[in-house]
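After this come two complexes, each holding subunit A, first together with subunit B and then together with subunit C.
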Partner chain A sequence: MIAALCYEFRMQVRRPVLWVVYGLTLAALIATFGESYTMLDLGRGGGHDPKAAMVTSATITMTLLPIVYGCMLADRLVRDRRLGVAAILDATPSGRTGRLIGKYLGTCAATATPFAVAYFGRAVVWVIMEGRPAALGWSALMFLLGIVPGLLFLGALSVAGPLLMPPLLFRVLFAGYWVWGNLIPATMMPTLSHTVFAADSDYVPYGLLRLRMPDGMSTTGPWPGASLNLLRPVATPSVALLWIGLMVALAAAVLSLARLHTALTES
Partner chain B sequence: MTALDLWSHEIRGAGRAALLAPPAFVLATLLLAAFGARLGSRAGTTAWMLLWAVETGIPLIAGLAAASVIGRDRATELQLSLPARYRSTVLRRLAVIAGWAALCALALSSLLIVTGWWDVFAALPAFPLGTAAVPAGQLTWLAPAVWLTALGLLAAAVFRSTVAATTTVAVVWVFEQVLSGPLRESAAPRLLYLSATARGAAPGAWLPNRLGLICTALPLLGAAWALLGNTERILGGERG
Partner chain C sequence: MRIQISGLSKTYKGGVHALAGLDLDVPTGMYGLLGSNGAGKTTLMRILAGILKPTSGTVRVGGHDITTPDGRLAVQRTLGYLPQDLGVYPDLTARRFLDYIALLKGLDSRPTRRRRIGELLEVVALTEHADRRLKGFSGGMLRRVGVAQALLADPRLLVVDEPTTGLDPEERIRLRTLLSQLAGDRTVLLSTHIVDDVAQTSRSVAVLAKGRLVFQGKVGELTALAGRRVWNVTTSGPPPASGRIVSALPDGAGTRYRVVAPEPPAPHAQPAEPTLEDGYLALMEELPLKRGQSRESIA
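For the complex of A and B:
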């Protein structure tokens, strides 16, 4: 498992296109958000407060970069079969489950590396400009608790999804899912966005990190007039922990299904 | 090899996903139209979602399929050494993919016209076209489909990697959906905004937007054509 993890990590992190596509997307993001990105203020206040600034940075980064993350992961598992190395790897003493977990963790870590570089790079720039190193701690906390669980779930979805359908179809559905299930306002149509099942969620900053949202701008908790409000509890530390647990559990469930699928189709 | 053999080979080469995705999408959209009311969606909301599906769904599929068109062949080295140019093969395959997607989009919009949904679109406050403009209304899907297809092919030619090219198309698509407000308000991006029909456009801005999309797609295709002429470059790309 560890060998698969290291190998997959190195193989993915050295792909030039990974860095190029992340770079282009980040450039487009900065160009569009403009002042919101340079000031780290989305109108929720606190561009000079380290905690609020790091949360805003995470919110902006999480709008588009997960698309790159998901699409870049979508060919990793099926690639072994297409290149004909899956049968050779099966002949090695390593177990299939260990290899799947190693591959999952290795490729996810590698694909999240440019993501982390972009996020922590912004944090370092903020610290140099504002001279308050506390932001580095907040950014690490926000990344680990608020971003990584979502990425774990999205990673499992992207690694396993193309087993069931061609990667092309998966990318169409993934782009649609990202807009529908994470970004649109909850009142637009019945959606999973802003629920505890959304990978891009505000439960950690506003529940666990105790950040205060200005009145009338809250994105967590029930939305007036939206359906599925049952899945949108008010942000508290326990709900934030529930969200983290749900993301990890969903990732584990998706990977178990993928393992079952390989066992059924390859034996 | 007759022309029929050649084209049937390209249809097979286009891949199952590129051939199945557009009709599957059309079917899903029609199901939404048929059962929208039963799901509790108001007629206006269903009509808006259908319009959004026509304008963004098929173009996304066409763009992603175009981005996957290079690097599918086994023994590319052999193909590149033949007198027939590889870029002609790629363009033929692109024609199959884009033509099929266009046929499906045309069928979908015709069905929506016949079933009267198009009239419900026209009653939407944001709809920039009258009912009389049904032929021009086909630009609703045609312009974004042409633009995203051109972008997909160019990205595939530049990156020589299916993953990177499809990611680029997906990012641009999501980007346009998420940041529709700022994009529609500024002068230059407004010309290249992909869902000017469903998200609404200023009076008189819709047609320039559609023509702007088609006109800017041509240089993208030209650049892709030029890049695809360099066979050595294609050979150095990432497989799959």
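For the complex of A and C:
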């Protein structure tokens, strides 16, 4: 598992296209959000508060970069077969499940690296501008607890999904899923947005990190007039932990299905 | 390391029978496995490499039953496998690729890995290309990388599937020689449809056809199947109507045909010394007539 993790990380993180696509998307993000990105304030105040600013930075980063993350992961598992390496790997005494987990963790970590560079880079710039290093701690907490669980689920989905369909089709569907299930307002149509099943969720900042924005509003909890409000409990520490657990459990379930699928198809 | 295969069958989804009740005993040393495309050779190789599970039958390699998880793991620890469609990670260098495979094979000690990879790059004559990315390698060089990865864990069993396909003659001879040298006290199972590769490397051979064993024995015995059945016919007219034409060479005003046939294919046909290829063709010619007979009666 460790071997697969290390080498998959190395191979993925060195792909120039990974950095180029992330760079272009980040540029589009900055152009779209403009002053909000510069001030780390989405019109709700808090741009000068380290915790609120780092949560806002995460919110902005999580709009488009997860699409890049998912799309760049989409060919990782199927390429072993496409390149013809699978036969050599399968003939080694390394377990297939261990290798799958190693590949998953390695490629996800590598694909999240530019993501992390963008997020922490923004945190560093904020600290330099505001002179409040506490933001680095909040950004680390927010990344580990509020972003990584979602990326673990998205990573599993993106690694396993192309086993069932061509990677290109998966990428299109993934982008659609991301917009429908994470970005649109809960009142627009039945959606997983803002539920405990959304990979982009505010349960950790509002529930676990006790964030209170200056405008007093929260994006968590039931939305008036929205369907599926049963899946939108009010943010508490236990709900935040539930969200983290759900993301990890979903990732494990998807990977188990992927392993089962490869076991069935290879025989 | 002895391979004992008994009643081995493999049926793919869709009902394609790749192997049908195969019995085969492979001793230590170089062993050739011949058969036309679709004969079941690659399926057999993949089962021996622990990649495919058989539908039924037993396969024992060095005493381990490869159809059980423990047995498969035990065999894979002593196995080197060079697949027919060898793939590599194009952006890794040869050294890095070998390092990755070595780790997967359980060579955890970095100094041991480095030393072993260095030795093998020397063996396959790729030392000076070791730090080049694999995407720049020729087909022959990639095959040699494939041989190197197969040898990383110093395997007692080497399973080599169509290793010379697509190589130029020089690379083919180089790879063949290398495999022969490696045989020694190992078992090297060489699967190919190129008869000459077996003729030049192996003493023993088995022939598969449509998932069944149709011959097992010494190379000389397979060659002998064409005894008194190989003919040279020189003619300026049409080619001989009976028998299977092995070759046709321009000869003066006419053409000299080499024909495998039970009877002289022309009145002026001259008997010729059989080769392994003639023996293989004679066997294949007989198969339609011998369907339903046991392999012993064929061999």
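Everything below uses one rule, namely that the second predicted complex is superposed on the first by the 262 of 267 C-alpha atoms of A that agree within 3 Å, B and C clash if a C-alpha of one lies under 4 Å from a C-alpha of the other, contacts with A are read in each partner's own complex, and residues count from 1 in each chain.
By definition in this document, a residue touches a chain if its C-beta (ideal position, glycine included) is under 8 Å from a C-beta of that chain, and two chains touch if they have at least 3 such contacts.
These figures come from a predicted structure and were not determined experimentally.
Participant: If you stack the two complexes on chain A, which partner ends up touching A:174: first (subunit B), second (subunit C), both, or neither?
Facilitator: It touches subunit B, and subunit C stays clear.
Participant: For A:189 in the superposed arrangement: first (subunit B), second (subunit C), both or neither?
Facilitator: In the superposed model, A:189 contacts subunit B only, not subunit C.
Participant: Just checking: does A:230 make contact with subunit B only, subunit C only, both, or neither of them? Give me first, second, both or neither.
Facilitator: After superposing on A, A:230 lies clear of both subunit B and subunit C.
Participant: Using the superposition on chain A described above, determine whether A:4 touches subunit B (first), subunit C (second), both, or neither.
Facilitator: second
Participant: Looking at the overlay, what does A:128 touch: subunit B (first), subunit C (second), both, or neither?
Facilitator: neither
Participant: More residues of subunit A are touched by which chain, subunit B or subunit C?
Facilitator: B
Participant: Could you tell me if A:86 is touching subunit B, subunit C, both of them or neither one (first, second, both, neither)?
Facilitator: Touch partner of A:86: subunit C, not subunit B.
Participant: Of all the subunit A residues, which ones make contact with subunit B and with subunit C?
Facilitator: Residues common to the subunit A contacts of subunit C and of subunit B are 15, 83, listed in rising order.
Participant: Residue numbers of subunit B touching subunit A in their complex, please.
Facilitator: Interface residues on the subunit B side: 15-18, 20-21, 41, 45, 49, 60-61, 64-65, 68, 159, 161-164, 166-168, 170-171, 173-175, 177-179, 182-183, 238-240.
Participant: Could you list, by residue number, the parts of subunit A that touch subunit C in their complex?
Facilitator: 2-4, 6-7, 11, 14-15, 80, 83-94, 99, 266-267
Participant: Going by the contact rule at the top, pick out the subunit A residues touching subunit B in the complex.
Facilitator: By the definition above, subunit A touches subunit B via 15, 17-18, 20-21, 24-25, 28, 32, 63-64, 67-68, 71-72, 74-75, 79, 82-83, 165-169, 171-172, 174-176, 178-179, 183, 189.
Participant: Would you mind writing out the residues of subunit C in touch with subunit A in their complex?
Facilitator: 46, 49-53, 73, 76-77, 79, 81, 83, 85-92, 96, 100-101, 103-106, 146, 149
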